[in-house]
Amino acid sequence: MTSNLIVYLIAIPLFSSAVLLLTGRKANKWGHLLGTLASASSFGVGAYLFTQMLAQPAEERAMTQKLFSWINVGSFNVDASLLLDQLSICFVLLITGVGTLIHIYSISYMSHDLDRRRFFAYLNLFIAAMLLLVLGNSYLNLYVGWEGVGLASYLLIGFWNQKPTYATAAKKAFVMNRVGDLGLSLAIMIAFASMGTVSFDGIKEAAPQTSTATLTAIGIMLLIAAAGKSAQFPLQAWLGDAMAGPTPVSALIHAATMVTAGVYLITRSNFIFDAAPTAQLLVVIVGAITLLFGAVVGTAKDDIKKALAASTMSQIGYMILGAGLGPVGYAFAIMHLLTHGFFKAGMFLGAGSVMHGMNDEVNMRKYGALRKFMPITFITFGLGYLAIIGVPPFAGFYSKDMIIETALNAGGIKGILLGSAALFGAALTAFYMTRVIILTFTGTKRWDDEAHPHESPILMWLPMAVLAIGSVASGYLFTRGDALVHWLEPIVAPGEHGEHAELLPPIVVSALALTMVLIGISIAVMMYVRRPVADVAPEDVSALTRIVRQDLLQDAANEAIFMRPGQSLTKTLVSIDEKVIDGAVRGVGAMALGSGSELRKTQTGYVRSYSALILVGAAAIVLGIWVITQ
Amino acid sequence: MNSANYLYLSALLFTIGAVGVVIRRNAIVVFMCVELMLNAANLTFVTFSRINGNLDGQIVAFFTMVVAACEVVVGLAIIVTIYRSRRSASVDDANLLKR
Amino acid sequence: MTISWISLTAILPLIGAILLSTLPKSAELRAKQFAFGITLLTAASAIAMAVQFQRDNTDLQFVEVHSWIPSFGINYAVGIDGIALVLILMSVILAPIVILAGWNEAQGGRWSVKTFYILILVLETMMIGVFSATDVFLFYVIFEAMLVPVYFLIGGYGTGARSAAAVKFLLYSLFGGLLMLASIIALYVMSGAQGGHTFDLAKLANLEMSSTTQNFLFLGFFIAFAIKAPLWPFHTWLPDAAASATPGTSVLLLGVLDKVGTFGMIRYCLTLFPEASKTFTPVIIVLAVISIIYGAILAIGQKDLKRLIAFTSISHFGFITMGIFAMTSQSQSGATLYMFNHGFSTAALFIVGGWMIARRGSSTIADFGGLQRVTPVMAWCFFLAGMSSLALPGLSSFVSEFLVLVGTYTRYPVAAIIATVGIILAALYILIPVQRALHGPTTPGNENLTDLNLREKLAIAPVLAAIIALGFYPSPLLNVINPAAVHVNSQLGFTDPVPTVEGK
Amino acid sequence: MINYALALGQTAKPEAVLFYILAPLAVAAAIGMLVVKKAVHSAILLAWVMVTLAIFYIAQDAAFLGIVQIVVYTGAVMMLFLFILMLVGVDSSESLTETIKGLRWIAITASVGFGGLLISLLGRATLGRTSVGLVDANANGNVEGLAQLIFSNYVWPFEVISALLITAAVGAMVLAHHERTVKRVTQREQSQARFRSGSLAAAAGLPGPGVFALHNAVDVPALLPDGTPAAASISATLKARGDMLDSAQYQLDNNDNVEEDK
């Protein structure tokens, strides 16, 4: 009967969100509390369900709750049905857990905002949608959540939409996500057309009998979807701009949860990708490119949130890479996802805390020496930092190390390429994160006198502390006895650990990775500790740096390839519609008018010319009769 | 004698009447030409009445006469009205309907 | 005693219109209240009818046949199936909403307020009649007669170049109607040669005719419906008409009247000319796909809010037409559901857009700005309506759009793939005006706009509620539509393509 | 003459003689209508055509119509024509030069084509039967036969046409009726206006032609009280004809101009 509880996971925050939105200003006083309570209750339900699952044997842990028959047309039958299994419970706990922490954080962070109630309504809406995403038992149910989080993301990025750039950022995120949705839509269509079902179970059953070409097509479409949602190459451009949203949003949606939905999608679709090697190859390529892309972009960012966003992109690249590496990779990808959820959310909240103390300044070049003023923030942020660069025994070390190892062991030239990309990415990660730490917390102060940096209130640092604990401990907990791998086994069914001969033994890989991290740190130290940091970004930099600062020209490329041609196409079509199509319509009218005014000239007003015409007509008729009766 | 001769005559008179309507300018003459055409038509009816051996044609001719009378009465009244305002009975002078 | 539900429902607004005409011109408020009451009564009657509808029965229900012009074999014959029922429901629900939402829009017209409501009520009678007619002649008469009240509604109460738009609308529609008339006469003549002159739809459907004849007659009907729907390239009257009409008229025009086109495609094109329908399907699918993309791109390029909404509708009608002619049970059901949903989402867009325009005194998108700060409720309503228009999952239009796409994909994958690109364009054409009008700083001229009052909230609430509720639980409608849609396809000899892999 | 025509109609041969004499004359008269300048002449020629046709009617056993033709047409209708001609100017003659370019040629070509084709068609046509003749139909007399038909089969058209006739009569009346646009000037006002006009020249009104003069011929102008001749007193017809004499010679030389001093 516990399965009947699943729906409350979603219903509680959804209801709370509706209440907050519909009640209006009257709810301003207690809105944030209701929102937080809703999220926390959802977490409570999730935790209870988790304990229930733990009590079951591995094969019986998955629970399904059918709510009602949603769409039932011909052979297209989709139930509104929820599936809670080992994979989704991970996400449920992450979403509601981190979500609740961020709700608590936001109570304080948004306390001066007039629209705090609305903010909490959106957050709750997001929680509900994200839970639906991970709990849906079919691709179509997932799709609803998928777009729901897109909507919530749009609303939250544009939360301060009175600033035009923020509104544009929101729109950009939504539209680029829609490109991803296109992939998801098509994947569902192909799946239905070829297998006659859209539920995970049905497709899992049908997949072995389906042709590889079809599965590859579905896989590629799913990859597009994942790329859109998870800001993977080539649909990555929206994530940096998405930092326009309030910082808790960046922490929850654009770091810990929503952007990782792509990883969930690929992991969930493991039965498709496992049978479609080409699609899988594309997945790892996209992952590898993005992990480097994000890391490179991160090295040149002065905006602390954008630096973290680039880092998110890069870390998700790791996850996608892991998920693309086949059966064993899924678990590592999820593991990295969870650890990343802790440390990245923690760091984002730390960044928010810094901004909170610095009059919402985001430029790291205007920070410096904040360690003394914000000790708790520094410690929590620092722990997150150690976790992300992969220093043992922090969480990131375990998860990232696994992915690097799996990549290296992928076999052949592919393994070497992917492995080196991952290793190089680790070095870059160490570099840019060290840079963030140095610029923000150490060195000399570079801020104006107007700023009065101070430690944040407890409601803000408490969640940061909890997340910091997570970043410290989670990696160890997950890997202890391969806990997570075994937990996920029924879902992703990893075969033997490593189908290929191990390229390098694990210990060597770890050492290599650590070396890379050290190299990264030392370069950063050399560049930013030994030399003074300018409070304005230097202009006399190499062309490469400039390109990196412009996000490797991603916006320029999008503009040149899609936006400008699109705009001119729109303009052309508008004028074609007016001139050619409507012109033809109006032309018919003008022709009638024109021929009328020409014919009018025959109307001389002389009765006699009219009668002459009648006579001619009569003669013509007689002629006609004459000819016919000939 | 072949009754068709009357038909030929009728056709000729009708045509002449039609030409008259077109080329004469005096409204009264135009009207007279119309009368000529009506009469030509009447002749046809009468002739066919004889050919077919029943009186229906004559009835129609009779009706035609009545209609012609109506037409003359109204038409001439119009001519008088126009003449009163324009001091002319020429149909070319009443050309307000032109573009 | 059996009640003739269709006739009862249809006659109510007409009686209301007649009674309304006896009111003095000055009694504007009473005219509004009376018209509103009558539409509510009509809606109640239609709902009572819907309750008795047997959803698994694919025959026409509530059939009434009375001889009308016996010497030509013309009957007053009505009857509905699931598709017609859904559309009638949509019409009668939208009518009171339109009246309530546009409480003051008849002011400033060429004629009195009373006349406006008389026209609306007469139009409602015809809307019910056109969806329920089963006699082709009766259908044609109503099809053409509907133009008259709309013509006066646009030309008499619209804004801007209303006369020109009304004339364009009228002439364009008449042209299509003329082609259809020619086809109808041809059918009638042929029926005479094959066992007695008749206009009865069921009997005409069984006529034997050569494929050439069928093709020509099909085109006669189809072009009339394609103009009405409107399908690219017969669409140019719509933006003009919608931009000139009052919001309420636009709702009825796009929401209900244009559905006659797509409804006609199902009821007449497919039923009367199954072979020709199959022959022309590739062409029509292509036109539909062009409509989807073209309408969306044009919508992106519009500067006027009403024209933008009109172009989004062209895109949506492309989806509906594609769904109809893909002839799978998903696409067919989806298309009918789409008609219903489009009625509501366009109604919401036009109603809220109309309020915005009425308050601001301009329909140019660039004149708005930052409305979310000034009028949060109105902004939210517009946003939600926009989300429905772009078929956000969880809202009703998603279900229909996805059904159309998935159904089309099983038979015409390429068309479906291209059409799916429309969802990206949909995001653009909704979010661009949302950003310009609602977001950003509040621009001069918008600071003092008032938010929705109680009447307006009451008018828009049921629409938005329906959009959300049907998104999560579309079964009440789908269960009615699906048997009828399957029946239509099976009459054509179409069954759904079988998946290559059987997996459950 | 009618009796003669009736007698001729009885036999075929005399009818032919009648036809071949009268038909060319009718055609000639019709053509004459087109070419004569004066409307009166046209009217006379038309009357001739109509009489001819009346004779033909009678010749074709349509005695009633023939009589009606003469009474109604040549009598009433033609009188109406002449009356109107008098009203608008019996002397008005029209120039036969064509003013609308090309019209005459179009008319002649079209009419030659029309007439030629019509006659050609008639020549080609087979009537389907030989002439039956009206002997049977007229067995009870032509007038009785017509009456029979009019009051049985054609009673409805007959009623309608009578309504039409009444309507036409009323219509003509309405058309000819001159709506007064200014107040009617009474005789008294006219008189006052004349005396107050400053000059007494018009005070006495226009005298009849020849009054207060040595002459009383219509072409001699009347003399006004001051002795000057009133040119307006002579009919415009005479003026148009050029028959008017120079009015100056009738001026009274020895007027005493007494009135002007007053």
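Every chain is named by a letter (A, B, C and D) in the order it is written, and numbering of its residues begins at 1.
Heads up, the rule we're going with is that contacts are C-beta pairs under 8 Å (C-beta built on N, C-alpha and C of every residue); 3 or more make two chains touch, one makes a residue touch a chain.
Quick caveat, the model's predicted, so the values are computed rather than measured.
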| item | value |
| --- | --- |
| Relative to chain B, chain with the most remote C-alpha centre | A |
| Centroid distance [mean C-alpha coordinates] between chain B and chain A, Å | 92 |
| Centre-of-Cα separation between chain D and chain C, whole angstrom | 69 |
| Chain A-chain D separation of Cα centroids, rounded to whole Å | 101 |
| Interchain centroid distance [CA atoms averaged], chain A/chain C, Å | 37 |
| Junction residues of chain C - those touching two or more other chains | none |
| Contacts with 2+ other chains: residues of chain A | 604, 606, 608, 612, 615, 618 |
| Set of chain B residues in contact with two or more other chains | 18-19, 22-23, 25, 92 |
| All pairs of touching chains, each written as two labels joined by a dash | A-B, A-C, A-D, B-D |
| Residue ranges of chain A touching chain D (in the complex, touch as defined) | 604, 606, 608-609, 612, 615-616, 618-619, 622-623, 625-626, 629 |
| Parts of chain D lying in touch with chain A, wherever the complex brings them together | 100, 103, 106-107, 110-111, 113-114, 117-118, 120-121, 124 |
| In the complex, chain B residues that touch chain D | 1, 3-9, 11-20, 22-26, 28-29, 31-33, 35-36, 39, 42-43, 46-47, 49-56, 58-59, 61-63, 65-74, 76-81, 83-84, 89-90, 92 |
| Chain C-facing residues of chain A, complex | 21, 24, 68-76, 80, 140, 143-144, 146-148, 151, 158, 161-164, 167-168, 170-171, 174-175, 178-179, 181-182, 185-186, 188-190, 192-197, 202-203, 205-207, 209-211, 214, 569-571, 573-574, 577, 581-582, 585, 589 |
| Residues of chain C defined as touching chain A within the complex | 168, 171-172, 233, 235-237, 294, 297-298, 300-302, 328-330, 333-334, 370, 372-373, 377, 380, 387, 392-394, 398-399, 402-403, 405-407, 409-410, 413, 416-417, 420-421, 423-424, 426-428, 431-432, 434-435, 438-442, 472-475, 478-479, 482, 485-486, 496-504 |
